[in-house]
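Step one of this worksheet: look at the structure below.
First chain written, first letter: the chains are A, B, C and D, and each begins at residue 1.
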Amino acid sequence: MSPTGSGPEVPTPSGADLAAMYGSLKNWGRWGPDDQSGALNHLAPVHRRAAAALVTEGVSVSLAHDLAQQPSPENPFPVHHHMLASGDARDSNGIPGYEASRDYIGSDVHGLGVTHVDALCHMFVEGQMYNGAPAAEVRSDGARRNSVMALSAGLVGRGVLLDIAALAGVEYLRHDTLVTVADLEAAEAAAGIRVSSGDILMIATGRDALRRARGGVLNPGADGMAGLHPECLPWLHERQIAVLGSDGISDPMPGLGIPQWPFPVHQIGIVAIGLHLIDNMALGELAHRCRAVGRWAFLFTLAPLRIEGGTGCPVNPIALL
Amino acid sequence: MSPTGSGPEVPTPSGADLAAMYGSLKNWGRWGPDDQSGALNHLAPVHRRAAAALVTEGVSVSLAHDLAQQPSPENPFPVHHHMLASGDARDSNGIPGYEASRDYIGSDVHGLGVTHVDALCHMFVEGQMYNGAPAAEVRSDGARRNSVMALSAGLVGRGVLLDIAALAGVEYLRHDTLVTVADLEAAEAAAGIRVSSGDILMIATGRDALRRARGGVLNPGADGMAGLHPECLPWLHERQIAVLGSDGISDPMPGLGIPQWPFPVHQIGIVAIGLHLIDNMALGELAHRCRAVGRWAFLFTLAPLRIEGGTGCPVNPIALL
Amino acid sequence: MSPTGSGPEVPTPSGADLAAMYGSLKNWGRWGPDDQSGALNHLAPVHRRAAAALVTEGVSVSLAHDLAQQPSPENPFPVHHHMLASGDARDSNGIPGYEASRDYIGSDVHGLGVTHVDALCHMFVEGQMYNGAPAAEVRSDGARRNSVMALSAGLVGRGVLLDIAALAGVEYLRHDTLVTVADLEAAEAAAGIRVSSGDILMIATGRDALRRARGGVLNPGADGMAGLHPECLPWLHERQIAVLGSDGISDPMPGLGIPQWPFPVHQIGIVAIGLHLIDNMALGELAHRCRAVGRWAFLFTLAPLRIEGGTGCPVNPIALL
Amino acid sequence: MSPTGSGPEVPTPSGADLAAMYGSLKNWGRWGPDDQSGALNHLAPVHRRAAAALVTEGVSVSLAHDLAQQPSPENPFPVHHHMLASGDARDSNGIPGYEASRDYIGSDVHGLGVTHVDALCHMFVEGQMYNGAPAAEVRSDGARRNSVMALSAGLVGRGVLLDIAALAGVEYLRHDTLVTVADLEAAEAAAGIRVSSGDILMIATGRDALRRARGGVLNPGADGMAGLHPECLPWLHERQIAVLGSDGISDPMPGLGIPQWPFPVHQIGIVAIGLHLIDNMALGELAHRCRAVGRWAFLFTLAPLRIEGGTGCPVNPIALL
């Protein structure tokens, strides 16, 4: 059953079904043999202009979690925030009067508690990346193709939030829930919006509320976490969204148990469709703001650090309402 | 002489002059004894709304340099971009079908070639930070006050670019040039704009052209680099800008040689006025775009990673025209 | 009761007792006001020469654990072992024929699962270090005094292993056990050895067996771990050992619950006596070898990396029998 | 001409000569198809016992340089020595009375100024490692074969120092000098020693004096640095040394200019012979001590950190005389 009860039960696909879907949804070659932007090609200046016109309140909202500096099941590899100079070193640099503090920040990019964007080189299917490039082009000294530099000028466009938990009338989706197309369309209807070409679509499952319900500690790999049913992939493809984000990882955790297809949204979404994913977003305040203004579309901006060869980046996406 | 020849020669201030300026420009207490936002308080929702209305082209421009992965005089401590899993490890994680690349990114925050924002805890004057907090509150485990979290919801507002090099009719300002108030006002006049309350002001000195002129290698500490004359500080204070950025570090390099006041814009701007600074921006493409559309104001966004206790953050600021 | 039942029950000292002990065991000034070596001063060339004569088998034994590359309760901050160039990058450096792999290793020094040596600057008592230096001399850019450089020429001498678990006839000491002076002297008697001036003394509690008994996962902070009763400190002082090591942290975990004196061996041992500690050693194979040859003394070597200002170092101590 | 003038001029080999040498010196299979220790197999307990008997003074000498914390031409990637807690944080951990400093140390393993050991997986020739393993077994998540764990129990044996600069009567060898077999044998004769099976051989070229002569800054890649003539490789093979070290990198810098064979000692020594190399040693104090006691053999110990999959490790080798 879908979390919102909006449609009939949708069976779990087989591996053969997903293999077929993978083949049919490929955008490879669609924007030329050298394209490294994938579905970002759907996002044009006209969309940015229109999105800017959505700014009526002048309020900016962060869609990121604080970087974890202590370990937890969601953050087994916390960031390194190392102070290179604190107040105690203020006068020790040899320049009289120059009193400064300095620090270092380092992070695993793809941590399960890190709000981050996945570049198109992050996933392979049978040794191939988006647009047919071999996995071998992701070298131990960096990705030669499909790196995060596709987003180097920033991702700016219309953001759309579909809050499935709110639609279902719950604080969070059960850990074993799969969001279906019927759910997405019910959320569209409830929001009075249609997900369209070039949109940056975000799906809220209530992960923060789930964590709170579990006493503040969430172990997605062991406990499970809601995600999209693979049947959403053709729908996302057809709607021509530019980027997909979620407060989870878009895929359910710990996965569907389909051999060779543990994470279909990552595998088919990134590799076939060319979708950049934004994982582990903080969507609670945004949902609150959207409810308050009665509008679920807004100007969205995200700007990864310019990392040549990077497979993604921790980010602080911003919604402007 | 000012680089644009727009006014009379402005003498270099004495240490006593700067100490007096430091005292007179203090915004301490202006927004309450607990304020940690400083001049960001000038930036209100109405400014964001107005800035969004400036988006006419739908074009986004990055204002950051690529993170340096190899050492150079500008980047003596290059970032660590370490691939944790390249294409060669795609099938080695124990989940059949899960083929992924992963990496790690780490950076000194305040590198001279790193596009970054300075938090208000980055600078001290005689052991004090903005709003009177003692330097000792910046601990070796993080800043207790005035951290980069003041920007955690993103910096969004009207960006204004004053291209002093273009105004002077040169590709880059000489390394020993000090930009004066007369220059700033001449640039305003040429741009048909007035720097106003809540603005995010950026000053272009042509640093990238300077680097090119020096064969691609720039050593700002040894070679020098243009910056603002300290007389600009009262002007910036009066205009109530929210944030100051530059393709340099706003201060000239290697400094003015005034005892105890090596970097007045950092010292007085950050500590007294409460100005966040954005150092080492890439402003060339933005200047080109502004010239093309004949407008030097635009929607500006910057979103540092959410680092509790951080003294700043590498960023990729975005201008939206 | 002591783990070996070798003596009467020893009461837990009060905070006042420990404060008095701290005062009475101070070696401050003993080797001059500028000394930074502490009890290492007991270790003279004659001891090294004698220790070398103990080498009869020609067998070297590592006393370190593998550096943890995955998180666990003992290793909440695993090391960073990042491959900078794997086999896939062998031909990508621009020098024809030069095919090389390269990596990066980084570690928190004082991790509870990391075999490491504590420098004398690692601990303070009321803001003072060994020999009376203020804690403020340990700056956010490194220790000005009492750094790990005291061991820069290596620690070489007679190692002595006292295996308390074996003496007690168990695989591991119970987590709430405190090793007493009676235990140490019983172990000496059983080994036919006398701990003497300049010795590097190691105490085995069977931590690895304890971990195995708990299914391979040990959480010392939550589960507890055996250590030395504080009454051993005067004894260690009197015997003039140079360095103290253990398969635990010498102190019991999670501590004795004495206000202001949570870890007396660290506090009094390092700060008052000037004892370098070696924490989290792997002593199982060594105990096996010592039993086999019927001798519990051997040549011991340890060589921390030369880190100016360091508070310690991960190490791989070696016993040579 | 050899630096000591000890023999006739030795011509530079051709690429074909080196390819033939590579084939003829292979120890592959000599110690079984699964061997990962290479020439370490020459070093037996009897050698360690004999080496321990060389300890007459009881003096330990470090053979490592301080880890560089600031960049230089020799250390373009300095270590990260980050203080996690300095004196300012001593009372901020929540345990009353527990006052501690802590730090983090991280290093590129193979830096040109870092005293380090090369594991057998560090070099490939045409995609093969020692004993015929494919380069692909060195993955982006670590080496599957020939890692530094071959030295996990420590390297302990007879160290022999051949000081070629001293023999030549100079402080340092000219940057374009190649040490020949005649030089090695002259040094043996002068020292009254014969390099034998299982020895850890170290070659001193006077690099520290060369650096001093250049004003304290050495850029080996640009300036050049003395090393071994490739004709030494068959000699080292025949003598059955276990490990080779140098104050340089054993190979001359920037190389011989032979296509496909830029660094023959690394390529043939590591891959064919199975020689672990120790690069960038500090041999000055050791040479001084050896001269003082008139003996050039001593007990040598080196203990890399236990890094599963590591390609080497920064080390602090110790000589015990």
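The rule we apply is simple: a contact is a pair of C-beta atoms (placed from the backbone, for glycine too) under 8 Å apart; a residue touches a chain by one contact, two chains touch by 3 or more.
What you are looking at is a predicted structure, and each value in this text was computed from that prediction instead of being measured.
Q: Could you classify the subunit A-subunit C contact as same or different, where same means more than half of all interface residue numbers appear on both copies?
A: same
Q: Name the chain pair with more contacting C-beta pairs, choosing from A-D and A-B.
A: Per the contact counts, A-B leads.
Q: Give me the rotation angle that lays the C-alpha atoms of subunit B onto its copy subunit D, rounded to the nearest 5 degrees.
A: That rotation is 180 degrees, given to the nearest 5.
Q: What whole-number Å value describes the gap between the mean CA coordinates of subunit A and subunit C?
A: Spacing between the chain centres: roughly 45 Å.
Q: Please work out the Cα centroid separation of subunit A and subunit D, and write it as a whole number of Å.
A: Whole-Å distance between the two chain centres: 47.
Q: Using mean C-alpha positions as chain centres, tell me how far subunit A is from subunit B in Å, no decimals.
A: 29
Q: Quick one: which residues in subunit C touch 2 or more of the other chains?
A: 80, 83-84, 86-88, 104, 136, 139-141
Q: What's the contact topology between the chains, one of line, ring, star, complete, other?
A: Topology of the interface graph: complete, with all chain pairs in contact.
Q: Over in the complex, which subunit A residues touch subunit B? Could you list them?
A: Within the complex, subunit A touches subunit B at residues 44-50, 52-53, 55-62, 64-67, 69, 79-81, 83-84, 86-88, 90, 95-110, 121-127, 134-143, 152-154, 156, 255, 259-263, 266-267, 299, 301-318, 320.
Q: Tell me, which parts of subunit D touch subunit A in their complex?
A: Of all residues in subunit D, those touching subunit A are 80, 82-84, 86-88, 104, 140.
Q: Under the stated contact criterion, what part of subunit D meets subunit B in this complex?
A: Going through subunit D, the ones touching subunit B are 70-71, 76-78, 83-86, 88-89, 92, 136, 139-141.
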